[in-house]
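Pasting a structure here, questions to come.
Chain nomenclature is as follows: A, B and C, assigned in order of appearance, with residue numbering initiated at 1 for each chain independently.
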Amino acid sequence: MSQLQFFLALVAGGLCAAALALSLVTPFEQGLLLKAFLALGFLSLIRFFVPLGLWADGAFAVLGAVAVLTAIGVFAPTPAFFWMALIAAWLFAWLFVERLSKALAPGLADNAGLGLLIPIVFGVTILVAWEAITRAGNVPQVILPPPSMIWARITASVPTLLADFQQTFLKAVLIGYALGCGLGFVVAILIDRSPFLKSGLLPLGNFVSALPIVGVAPIMVMWFGFDWPSKAAVVVIMTFFPMLVNTVAGLNASSAIERDLMRTYAAGYWQTLMKLRLPAAGPFIFNALKINSTLALIGAIVAEFFGTPIVGMGFRISTEVGRMNVDMVWAEIAVAAVAGSVFYGVIVLIERGVTFWHPSVRGA
Amino acid sequence: MTRTLPLIIVLIAIVAIWYAAAIGLNAQWQNDVYRRGDVTNVPATQFVLDTWNQEKPVLPTAHQVFGELFKLTVLTDPTKPRSLVFHAWVTFSATALGFVMGSVLGIGLAVLIVHNEAMNRSLMPWIVASQTIPILALAPLIVVIGFNIFTGTFGIPTDPARLMSKAIISAYLSFFPVAVGMVKGLRSPEAIQLDLMHTYNATPNQTFWKLRWPASMPFLFASLKVGVAASLVGAIVGELPTGAVAGLGARLLAGSYYSQTIQIWAALFAASILAALLVIAVGVVEKLVNRSMGARPA
Amino acid sequence: MSAVVSAQNLGLTFRTNDGDVVALSDVNLTIEKGEFVSFIGPSGCGKTTFLRTIADLEQPTSGTLDINGQTPEQARKARAYGYVFQAPALYPWRTIEKNVALPLEIMGYTSAQQAERVKRTMDLVNLAGFEKKYPWQLSGGMQQRASIARALAFDADLLLMDEPFGALDEIVRDHLNSELLKLWERTQKTICFVTHSIPEAVYLSTKIVVMSPRPGRVTDIIESDLPRARPLDIRESPEFLAIAARVRDGLRAGHSYEEAV
């Protein structure tokens, strides 16, 4: 047992013991599950005499989470031992993760799904703590609504969320992304044959990537109107330069020896491009596609802060913030987060299929 | 010389395209003006000059934008709200404060992640995943709610409260790239270099300060450059929601309300110049650090 | 017999920031059809540069160079030679058979011809059964064999090899050397082979060109009278050792010149 594990186990058990003692002043049948958890947590101190498996700590953490969630609102006002139980449950989860990660093979990310368990435990811990603190602590909903309320808002507002998603993601993001990436790629191929244009445009492209391009949104709104084309235009501008710069870099990624080989075959420009330089540029192009997937979503949402028809994710966020409907804002953000990660995930899947040979993908 | 010449020529070409596009985009308005004023037979040169000097053009020309920039920076008292220096300073202070907070937090978290396997396995997937989601969408929420908390709960005056809530957005935007880059950097020493420290029986502290920290510097500065640019975007977007009257983002929004295209373009260029200065400043620090670490001057 | 490669007073000077570097100076050499010629010398002696000049990857600055009576550029466009580099340079996104088929695709062979030639050359280098593998799934020796197959696939009569086995360990290298000899025997190709290993050069060659640096030049040309059939233990025979000694003398002569400068 490491120093940290020793400390965590001691504090978790001790907290449970103290909380159990404090809880005895309430009627026995009130919050029975919570008290059962505290009793079991107290008993966990026997680990200093009899070793306990790491899964026992996992079970304590799960039991604690369930007990705390079901005990919300049982006691009024929320007593100190409730918070102590929450902290104890969190410490058990931490201890479990600490022991599990020591048990896993170092360097291996997966370990038959167990590696995946750790971030999930972390995420669930955050959600449970969020729920318990906001509800039991009576945090004003305007400041932070509990996850359950956000979820209720999501299920209650599916049509609105869907319309916003369609307006912002399916129209502005996807169309702008396709146009911006396609344009960046084509321009990269066109300037590839001219070292002059390359040395003129590349520093510019690199420079532009540091600029706050979302600022062009008001101009685009003026030029293309309030509807999605202006947002797509912002997305085009935001995604164009990363694709240009990465594709140009990728086209130069093939080694001298590989290019000499094509020369010994007396291969033409297009043959060298198709058979060597484009495949070699694959990892760079996918890198741009991944960067751009996030940029596109940001561009479209922020552009909507500058005016839209009465639909769209960015529009909804800015107006509902104004009305203090914070749960709706969080619902919209949840949709944006899911859309963003799925978008990214799809590109990663395609990348794995196309650039399977690259060391970063095949894990060499 | 051979490297700057193409850049100069490309820039000249862009300006030429800019002016040509201004003629086309502003022509319709100019024709309307002539029609209303019953002006006919305008010579072509006069027409072109008119399209280049409208008051609210669809596309303002370079001399209009830079003229506005010059007027609002050099010729205006920087303490007056008309001055772009004033607005740039408001944005810069939020950016800098947030950038420092985010970077310190990112570096600190990276150190924890590198030294604790449980932290690494719990946090890294979420930090990486968070880069794929549009966290900037949270900006209005943080500005409004944060502002209310700071002024209401803590009783902070409005100006510092507004600064703090913008700085928080800047901080979390720069936090993620710095944390990821720094984890990569602290892990960049090769196995044999770590083995060498191991043969010396070096403490984790010694290994950190003598090997991991110096090895992470290139990664740190690369991600700091990304982070400072992201911080600026965060501060600008933080100035968009209701209430903000100062800052480059507020200038953009005001310009778009009143169709003041020249004002929008001037604010946009001011923001770009600020971004460039910030990245250059990080680059200068990088050079100084490199020199103090005995790197060959490149 | 006709000259496959013929160089007269060939010179090549690289212009660099540190001044001119004479990579080749006054090289005179004729290579006949069916010969196995090794180029040996310390690094910087111009042996690789000479090979690259034959392949039209570098342009000579003086003298003349004919390949099959043509200029190097014409020869390259006529696909007169196959080139094997120091590294396998297989494309990681192509399977082994697709890599071997790469020159055939570029040169416009039909897919039936491609399949036939890929099979034939894969058999020739003993790689049958590995067609569907990717390069990174193969050992270094197998990768280099695949790159030889790729150079053989389009049946050029001239094979240019630039330290092809330099990165391999000695056991694999011995094995590939004897395989290369058998291949040469079977295909009757002309082979130009750059190496910095004396035993390798003597074991493989009918002619050994000894070169020395600063400026890169030929110091000795040794005709080997070893029999064409060469078991590995020929390397202990007195004839073999005599030739090796002469090569070593030639290298030392070039060296003393360098030290005298």
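Note that in this section contacts are C-beta pairs under 8 Å (C-beta built on N, C-alpha and C of every residue); 3 or more make two chains touch, one makes a residue touch a chain.
No experiment lies behind these values; they were computed from the predicted model shown.
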| item | value |
| --- | --- |
| Contact graph of the chains (line, ring, star, complete, other) | line |
| Best-connected chain pair, where connection means C-beta pairs in contact | A-B |
| Geometric centre distance via CA averages, chain C-chain B, whole Å | 55 |
| Intercentroid distance (Cα basis), chain B paired with chain A, Å | 22 |
| Centroid distance [mean C-alpha coordinates] between chain C and chain A, Å | 54 |
| Where chain B touches two or more other chains at once, by residue number | none |
| Chain A residues counted as touching two or more neighbouring chains | none |
| Residues of chain A touching chain C in the complex | 255, 257-258, 260-267, 271, 275-276, 279-280, 282, 355-359, 362, 364 |
| Footprint of chain A on chain C - complex, ascending | 52, 55-57, 76-77, 79, 81-83, 85-87, 89, 91-93, 102-103, 105-107, 134, 136 |
| Chain A partner contacts - residues on chain B that touch it in the complex | 3, 6-7, 9-11, 58, 117-118, 120-126, 129, 131-134, 136-141, 144-145, 148-149, 225, 229, 232-233, 236-237, 240-242, 248-249, 252-253, 255-256, 259, 261, 264-265, 267-268, 271-272, 275-276, 279 |
| In the complex, chain A residues that touch chain B | 94, 97-98, 100-102, 104, 106, 115, 118-119, 121-123, 142-143, 196-201, 203-204, 207, 209-212, 214-219, 221-223, 293-294, 297-298, 301-302, 305-307, 313-314, 317-318, 321-322, 326, 329-330, 332-333, 336-337, 340-341, 343-345 |
